[in-house]
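Naming follows writing order (A, B, C and D), and every chain is counted from residue 1.
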Amino acid sequence: MTGPVPQYPTSLGTSDADTITLLGQNLAEDLMGKVGFGELALWMVTLKRPTPSEVRVFEAVLVALADHGFTPTAIGARITFLSAPDSVQGAIAAGLLGGGSRFLGVTEDCGQFLAATLAQADAVPADEAGFDELALTAVKQARAARKLVPGLGHPVHKVRDPRTPVLSKIAAEEGLRGPHLSLFEAIGRVHPQVLGRTLPLNGAGVCGAVLADLGLPLELLRGFAILARCAGLVGQLAEELRTPIASDIYMSVDRNAVYVAPTPPSE
Amino acid sequence: MTGPVPQYPTSLGTSDADTITLLGQNLAEDLMGKVGFGELALWMVTLKRPTPSEVRVFEAVLVALADHGFTPTAIGARITFLSAPDSVQGAIAAGLLGGGSRFLGVTEDCGQFLAATLAQADAVPADEAGFDELALTAVKQARAARKLVPGLGHPVHKVRDPRTPVLSKIAAEEGLRGPHLSLFEAIGRVHPQVLGRTLPLNGAGVCGAVLADLGLPLELLRGFAILARCAGLVGQLAEELRTPIASDIYMSVDRNAVYVAPTPPSE
Amino acid sequence: MTGPVPQYPTSLGTSDADTITLLGQNLAEDLMGKVGFGELALWMVTLKRPTPSEVRVFEAVLVALADHGFTPTAIGARITFLSAPDSVQGAIAAGLLGGGSRFLGVTEDCGQFLAATLAQADAVPADEAGFDELALTAVKQARAARKLVPGLGHPVHKVRDPRTPVLSKIAAEEGLRGPHLSLFEAIGRVHPQVLGRTLPLNGAGVCGAVLADLGLPLELLRGFAILARCAGLVGQLAEELRTPIASDIYMSVDRNAVYVAPTPPSE
Amino acid sequence: MTGPVPQYPTSLGTSDADTITLLGQNLAEDLMGKVGFGELALWMVTLKRPTPSEVRVFEAVLVALADHGFTPTAIGARITFLSAPDSVQGAIAAGLLGGGSRFLGVTEDCGQFLAATLAQADAVPADEAGFDELALTAVKQARAARKLVPGLGHPVHKVRDPRTPVLSKIAAEEGLRGPHLSLFEAIGRVHPQVLGRTLPLNGAGVCGAVLADLGLPLELLRGFAILARCAGLVGQLAEELRTPIASDIYMSVDRNAVYVAPTPPSE
């Protein structure tokens, strides 16, 4: 190669013969047994040791998103484990690959929508009325562009998503209620004026608002939903080992297959 | 389908219009803000609320395994993120797929080896001498079968892996030093008699011993290493956003490609 | 479940005790040894047996996209294979996950761009001059929206991508030069007027144009690039078995890691 | 880094400003439109241009393995596409991750079993009687070790797998019936003497035998099953776009979830 050998800067893990360093800390002496897992996960992203309040809010988000029962992510992980029991990592990866735009993606979409709306404003609103005004503009713009407002509505919790008020309350208790959450709540108040019906603020959305208020990178909000779900999928696989259902899912699909003579799509 | 519609039992997440239930608990009221993320991850596998001691030991393992710098998992995640920045879930999944037999698999292999050795014994040894005797048999058997003893040796920490004594100490402090860890330490004492040289007990191995002592399913020990690494990979991707290196890795490989005329392997 | 058992229609594979049916054909009697692999792949998407001309053009696209040397997909697959040699499927999956917006995605983006442009026009242009006019409008619109025109430019083939004229010629030879390819070539002629410099029409782009002319679903064009690359990755892993390089890549990154004290991003 | 910059040898793809080279051939001039996709896939592994006979046998294997209807791989890909429609590569990767030991792995397991048996013998048997004798020994050894003989038996095709005689015939027609296939057929003849019942030689198994006779690397036989299935999954996703079923699968599982109070496994 012409030119110098590349160097690869990092502030995360390094090691030599005697010591493992992570975030500038001695992993064995300073972190193991002294720092929680959620705390470390947050620290690795922000590069700043989180406060106990930040950890509580962050872990409440992860707890909220860890498992929602037999979602596509859980079904994907279990059916892959049935087929490839030799590869736990493959089953978990397959499940996480369902963490896309339709299911786990709402957290990121909502955080991005709130941040973009705040970036449009001249200043962060000073009071609830100010947030309501900003929210009204944003919902009107979304409607005019025929776009959904991320974080509004839920297929099961049609009136109220139980996670939303609880996470708002926790953020407030910890002094971490920021502009993203304020704007999200304002959307909850004003959207019926524009949309003509009342939708609940959903749990994935409030998680996005809270993660954005924690200062986490917007491009990675989906990554935290993925981390939460990773724990959930380990739980799903443990249950699959105890009480297998993937074979029944497979059989219920395969035995109810109905052959339809192929008709080319364009004919 | 002939026969009844299958039913799918679960003790994890379920929900109705008003409530989300996880592990028989009200997710919003009883878990969010009250239960830590590592605590929930452990509970979802054991189905029993863990004690604070169990959580501390479990989280120490996750912290120990979260990130080891520029490993294949980190490189795989970063290079995939470079190529497909639209899919954070794909970059994380790609990284986790490196959690196989050679790197993250040692945790599981070691737990399984220790459990299989204990299952061979008539009874759990009563004292250190008893563990030494059992360890000696196990190491001799492995050597006779030309197999490696999982958890012994490390490419960088050639004399002592700093995580091993610390995790042993934490387990002891919390009253969770069980037979797997005792056997692992015994292997550390006796293996030089058989192998003719002294190798360190490595960190991945001691994590496997401790997870097995926590009563976690042996087939899933690798899953906990994957969960830990998932947090590490989110940190690696956050760093890649701040200080990209994947393009330099790609260029350093591509520009140093040397074309070699194809020679069929069998000729 | 309340309501009837779901049924799952399919025109692809089904089987009973004696027979395997695929696309309404007897797999063993009518397909094996009589139908090529590329032919079958195309048939499974279109549900219509492709003509030899369609197969030739389709396979030329797959050949064009199969391997481009040490790309992120190849590096990702090899480094994952190093780390998890027990799971060939994991290594291939990790590599394919790099088939996202930046690398393999151009094929799909280009096909979609051409189709959207044609859908805007009142009618398919009747001659080269008509295509040039439509292309000019499309390039101007893209520029006004500060968007790139997919399929234009290449980091290595700065003047001319050798695949582009060859694939155009093959499509013409087989009578399969359709409006997408005509529009793509028109973009090649007119873009310098708008952009002020001359960029090559790249190979990934012409593949997208040709796949769209074959009538393949636009949402899946990336899938054909993935299929092509899947063959390439099997070749890369075979080479990794013969002449391993993944460990050298890993070492060259790990040994050139430079620790930088963490500075929180917002400070 | 101390020491020289690593260099990365390859015989696959390289390129410069004007030319793309693959396997020492000019990609655009010598391969596109002139070489089939299956032919290229085989060539990239063997590094030798395959004969038409080799291509026919190889493509017959890929055709045999491309799609088996609503298998776990198809369900995994479709359910992931439902959840993350933004990432076709993720849906395909998730499906392929089901290509493990239980389903697609039989091809590799069978090839490895046959090769290991042949390696044990002093010489390749000269006639059918010799293969029968070797097969008898191998089946007896497997039974004594309480191991299954890979390639024997099928859950649906209980008497005869229709792919097996057809692939044998194709290999014979092309002069590519080698010792692995001869041994596999001998297992079909002799196993009832040892096992006390007659099982069919299955299609995945005969594919493994034929791929081994083609001289392909045994560690990668699963990779060819993955390649074949990749084409099948693109077909499954095309069908999912036309006739979606993943949402019905998801609903049929979610609505039939039955909550069971958690009982810790060890109690």
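Everything below uses one rule, namely that a residue touches a chain if its C-beta (ideal position, glycine included) is under 8 Å from a C-beta of that chain, and two chains touch if they have at least 3 such contacts.
No experiment lies behind these values; they were computed from the predicted model shown.
Student: At the chain A/chain B interface, shared numbers over all numbers used: above half (same) or below half (different)?
Tutor: Chain A vs chain B: same; shared/all numbers exceeds half.
Student: Working from the CA atoms, figure out how many degrees chain C turns to land on chain D, in steps of 5.
Tutor: It is a rotation of 180 degrees, to the nearest 5.
Student: Quick one: which chain's Cα centre is the longest way from chain D's?
Tutor: A
Student: Measuring from the mean C-alpha position of chain A to the mean C-alpha position of chain B, what distance in angstrom results?
Tutor: The computed centroid separation for chain A versus chain B comes out at 23 Å.
Student: So what's the Cα centroid distance for chain B and chain D, whole Å?
Tutor: Centre separation, chain B to chain D: 30 Å.
Student: Can you tell me which residues of chain B touch two or more of the remaining chains?
Tutor: Those would be 1, 5-6, 8-11, 14, 69-70, 84, 86-87, 89-90, 93-94, 97-100, 104, 217, 243, 245, 249, 252-253, 256-257, 260, 265.
Student: If we count contacts the way the header does, which residues on chain B are in touch with chain A in the complex?
Tutor: Going by the criterion above, the answer is residues 1-2, 5-6, 8-20, 22, 26-29, 31-33, 35-38, 40-41, 44-45, 56, 59-60, 62-64, 66-70, 87-90, 92-94, 96-100, 104, 108, 156-160, 162-163, 165-167, 170, 173, 203, 217, 219-220, 222-224, 226-228, 230-232, 234-239, 241, 243, 245, 248-249, 251-252, 255-256.
Student: Of all residues in chain D, which touch chain A in the complex?
Tutor: Interface residues on chain D, with respect to chain A: 1, 5, 69-73, 75-76, 79-80, 82-87, 90-91, 93-94, 97-105, 242-243, 245-246, 249-250, 252-254, 257, 260, 265.
Student: Please output the residues of chain B touching chain D within their complex, sorted ascending.
Tutor: Contact set of chain B toward chain D: 5-11, 14, 21, 23-24, 46-48, 84, 86-87, 89-90, 93, 97, 215, 217, 252-253, 256-267.
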